[in-house]
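Okay, so here's the structure we're looking at.
In order of appearance the chains are A, B, C, D and E, and numbering begins at 1 in each one.
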């Protein structure tokens, strides 16, 4: 039995954690979920590290929705750097799922994007843990999460 | 008995430490407070780490008020990155409460914002330590500290 | 027998991993290859560290194709910083091969650039492991990967 | 007997180290001073760490005068991040005293600013070591080093 | 007998390593030189750390020539941050000598600048190892490497 951690925030305007859990349960079995909610994205790195080191998670999804201001972008950058550092300290993957508020034109699009990106990354987290060969077969194919995939290119 | 650390600065123009202590005492019991005052925000990371490792704090609030210049913004960024690193080194939360001087139009608004953001994050710190389920129930609901909350959104 | 790790992404639009393996096999012998595919460039640092620490790699190539937006540039920066940190934690080289989508004018040029840069860095990785003197002889000679080399300059 | 480290640079155009030592001697007793001079601000982080770990310093002042160009600003940022990291690795304060050349309109103002900021931070370093209560009493009062203090603000 | 490491790149267009070795030999004795050539500046941090930890260097010079594009500036920044981190992990100095291509107006000036900056920093590296008092006497005197020194300033 593996453990998948889900860390999310009260700052986000969409319940990304519920989407992650829902998609994981649709994707496969053999794991249990640990939840951890913090105020904002800058609180996620230590929450993810605690999920790994104190609650035995084998992989973690870090879910956040940074605001549109320059200050928010800087917060997201600091959080991302901390998430990478936390991974290097634990040798475990933390799949960052950040949806920037200004990626969508209105609330409906934002909710759609947050739901879809979270779900597609939930499948990625599952594959990293249980089906790494599935990712290997998609190497270099222009996969995107939330928006449509890009086309893959070849030498002419 | 838990210990909550409050690190603040002589640089800040508002007594955020007093607001934090006041709100914590209104919020609950079962903890004692350790105070630590440093000159500026860049001195906060090691102060918070010392509060955790040398004075036994279980969680710390890092309170600061960065100035409006580009140089001040860079100081705040460096401090934030250090606060995240300090958390990863200790597996303890450090709740950053930074109020940027240019977030408010005048001194009255700035004092109001600094007081309210500090108090709302004091409750967050208390909940992380004693009531994590309270945060879990607010996951993805657009909580803001200091300003009004955002609306939460759903799939249509 | 040495082990060379190849970490790539499903985000990239060109199969850089195949180009790396193909060029390594043309360049020499005495090594085996370990492959690892992750969703995006920010997942590469821990993947490379795991290749070194859990799968015994002596050197790793980290292959990625960051998008053209500001957000993509920041992701690439965060990934690069993490790759340098992973090297410092393991004392092993990780050769970063990033091809930014906006370095090429169209898909054909982008595929050509991704192929050529990956292959030239595959030779660099091979030389760091087996032929460090080959690199020593090219010190200060303006080598570029993917584009034409620069001219070397001397004191007049 | 405590030890206060003073790290400075040959790059700076003002003898900030002499100002620091002079002010420390005027401020109190019970300490000895260790000096360390490096070429530029990017050499300060390891110098400060060596002062702490190899020469027994209890606190260090890191003195530098970054130039006015974008490249100089980036150097200062890299140095600041390193100074924070060095503090987190040692659990000792390193008081950064950087005077940016473009903070002053002419050489006379620059010398005045460098002298005054260094001296005010020397008092801060002394207080962190011997009189932490002095800093505690100034929490949230708008203290500045080199320029005039800001006014403190209260809730209306 | 001390050991001085020289790490350089195949990317640079001028043989900075040869300039460093030449100047060190003119400056003094009591040391041997270890050379290490890597593809680009982002490969320098781990190369320098390996020179210190695996080849016994007491100090290292990290020589590079970043290109003029924004992407090159970011590479230089990432490399610089890594070099500072490597120093903090080893308690040894790594003297960064980076010459940005856009610091000079043409190839002749660039070669002159690269040669002179490398040589002046070779003397700095030698002094840090054998003659720290020489640097101490130049504290706060506006030393520059490659360009003319600045004037030093005093209180009026």
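Criterion: contacts are C-beta pairs under 8 Å (C-beta built on N, C-alpha and C of every residue); 3 or more make two chains touch, one makes a residue touch a chain.
Keep in mind that this is a model prediction, so the values were computed, not measured.
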item	value
Rotational angle, Cα trace of chain B fitted to chain C, multiple of 5°	145
Whole-Å gap between the CA centroids of chain A and chain B	25
Chain centre separation (chain C, chain D; CA means) in Å	40
Overlap residues in chain B, where contacts from two or more other chains coincide	81, 85
Sequence of touching chains round the ring, chain C onward through chain E	C, E, D, B, A
Complex contacts: residues of chain A adjacent to chain C	73, 77, 80-81, 83-85, 87-88, 91-96, 100, 121, 124, 128, 132, 135-136, 138-145, 150-156
Touching residues on chain A, where the partner in the complex is chain B	8-18, 35-39, 42-43, 45-47, 49-50, 53-54, 71, 74-75, 78-79, 81-82, 85-86, 89, 107-108, 110-112, 115
